[in-house]
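Both of the next two complexes hold chain A, though its partner changes from chain B to chain C.
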Partner chain A sequence: MEITVKQLNQTSVVSMMGSLDALTADEVTRFLSAQIGSGQKQIVADLSQVDFVSSAGLRAILAALKESRQQGGDLRIAAAQPGVEKILKMSGFTSILKDYPTVDEAVTSFGS
Partner chain B sequence: MSNKHQMTRAAELESLPVFRDLIDAACKHHPGIDEQIRYDLKLAVEEACTNIIAHGYAGMNPGSIILTLELEPQQVVMTITDFGHPFEPSEPPAPDVAAGLDDRPTGGFGLFFIYQTMDEVGYDTTEDGNRLTLIKRLPSAEEE
Partner chain C sequence: MTSAREPNAKRVALVIGSGAVKCAAALGLWKVLIREGIVIDMLVGCSGGSLFATTMALGYDIDDCIEKTRRLWNREITAKRHLPSLLRAILPRLFKFDERFGMLDDGPMLRSLTSAFGEQTFADVRTRLYIVATDFHDGEQVVFSEGRLLDAIRASIAIPYIWPPWQVGDRLLVDGALSSPMPVEVAIKEGADIILAMGLQSPYPRKVKSVSRFAFQVNSIMTNNLFKANYAFHNLAHHAEIIPILPEFEKPISLFDTDQFPYVIAQGERAIEAQMPYLRRLLAAPL
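Entry: the complex of A and B
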């Protein structure tokens, strides 16, 4: 799993590449937790390059979502591929987090 | 005609992407298997193997996991064999997918995904190991 982060206004865009599965979930959890811990509480998780997410990956997203909201921020999903989008819906995650078709829309949604 | 593939790997998380690659490679040229079905197959295998690694071999030396994949014209039959503690993946209560964030359980989605994505789930334990059978019907086979 390759993870890069770029700062746009007050928002961190965290782009992941590869699969978010039981093997990589801990790494993603640690990365996102470190971001939030350093004060970056508005996060866009760019999933455009993520081809596979399992239940372990969902747990990593859920943990970061809770942590960011506890800090008064939020984690929003952007550009999920169709297979990933399907499991976000199947698990009901789309009702508890905001999910945008593009990174730009997710970043803009945080406002100024 | 059936098209059969088999792979044996250690019961460790590093094997998960290897099993997924096998499914991708085996299914790529099967006309009835689109990208979404491939995702379903990979998701069910991933969740089942994660359970075997976490629970099946808990407290034991990790053994192996054998994945077989049979591509038939109307269905895909996958079997996953392990030699750990039996861990029957009986159908779980559906997680409360409408729960708010604070009430949202962090686990329980693995078995839920297996049952959501597969058409048949079977399990038997013999002296030859524990065998989970997962069947996914292909769209043309669902037409009456």
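Entry: the complex of A and C
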């Protein structure tokens, strides 16, 4: 999976491309954990280029969510594709984390 | 499609949740898996899904599965009202209302099930099969893996208010969807490594103009929320990889629209085709 990161204000926008599944979840977990470990507690997961999330992918997102909150920050989702949004809703994730239609809105939300 | 696996191969389960005619999408999924040479090690069926899971587990080919389920699931099974139940609902004391309430007579359905499965049991299946129902008295999930197939299916599809609960042994049973509309936990418990989970949330009636529609609406609200809650927990609680297979339907499919089988099956094929590249890589990856 291709993962890139850019800094906007004090927020790390982590963009992932591909499928968030059992074969990529460990890589995503390590990447996000490294971000949080380096002091980046405000994370926006840009899912605009993610076409599928399985249970392993959900566990990776949850692990990063918990870790960021334990450090006093948060992980927020942005721009999920309709199929991915459906899985996030079906799995209850949208009831425990903040989810925005665009990256800009997700980044702005950290300021409010 | 028997479970002749090589050592260390991943165990694959197919879970077919509730959804009436839409559960036929599982046949499309199965068609693609057969083409790809992917063996299903276990089938788990709930409510409408139990019909398809059973026909697949018995080893019927796709066309036979369609024919059998078309004969099983049609408007004839809802043709007859159960007059004693209706009288009991209106005058409960006079007619002695009890827990075996159902607005429809289950005679036509039982005749269909008997015609399809007779006295066949779980011992007759070629693929491990689990059918899920719910204990009416304590709400607990009941998982069938032995006994008569007819009993398990009749219990699993005992939609509340519609058909009376079904007695098996000392348990009175209702629709499996009341405890778990998409029972991936059964596959987890039985050791599946990869779970293809085909789940369909209950539709909401467009108009509520009768008691039965009102009951259906309430039922849909509760089972859909249960679906989400269970799915959330099971995704996160275990290392098994759950791959949701979510067929899309661009037109409404009613409870008994069996003439839509070809369309529904095609949508099932499309849904699994989208996951095939990942599934192939996952099966090839080391445990």
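The rule is short, and it goes like this: the second predicted complex is superposed on the first by the 111 of 112 C-alpha atoms of A that agree within 3 Å, B and C clash if a C-alpha of one lies under 4 Å from a C-alpha of the other, contacts with A are read in each partner's own complex, and residues count from 1 in each chain.
FYI, contacts are C-beta pairs under 8 Å (C-beta built on N, C-alpha and C of every residue); 3 or more make two chains touch, one makes a residue touch a chain.
Bear in mind that the values here come from a model prediction, so they are computed numbers and not experimental data.
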item: Simultaneous placement of chain C and chain B on chain A, clash or fit; value: clash
item: Touched partner set for A:Arg59, first chain B, second chain C, both or neither; value: both
item: Touched partner set for A:Ser109, first chain B, second chain C, both or neither; value: neither
item: Touching partner for A:Leu23 - first (chain B), second (chain C), both, neither; value: both
item: Chain B versus chain C as contact partner of A:Gly83, first or second or both or neither; value: both
item: First, second, both or neither for A:Arg69, with chain B first and chain C second; value: first
item: Touching partner for A:Gly92 - first (chain B), second (chain C), both, neither; value: both
item: Most chain A residues touched (candidates chain B, chain C); value: B
item: Region of chain C that runs into chain B when the structures are aligned on their shared chain, from 98-106, 152-160, 188-196 or 206-214; value: 188-196
item: Common ground on chain A, meaning residues reached by chain C in one complex and by chain B in the other; value: 19, 21-23, 52, 54-56, 58-59, 62, 83, 86-87, 90-92
item: Of all residues in chain B, those that touch chain A in their complex; value: 13-14, 16-17, 20, 35-36, 39, 42-43, 46-47, 50, 53, 95-101, 104, 106-107, 109-110, 112-113, 116
item: Residue numbers on chain A that touch chain B, as the complex places them; value: 19, 21-23, 52, 54-56, 58-59, 62-63, 65-66, 69, 82-83, 86-87, 90-92, 95-96
item: For the chain C and chain A complex, residues of the former touching the latter; value: 199, 201, 227-229, 231-232, 234-236, 238-244, 246, 274-275, 278, 281-282, 285
item: Interface residues, chain A side, partner chain C - complex; value: 19, 21-23, 52, 54-56, 58-59, 62, 83, 86-87, 89-93
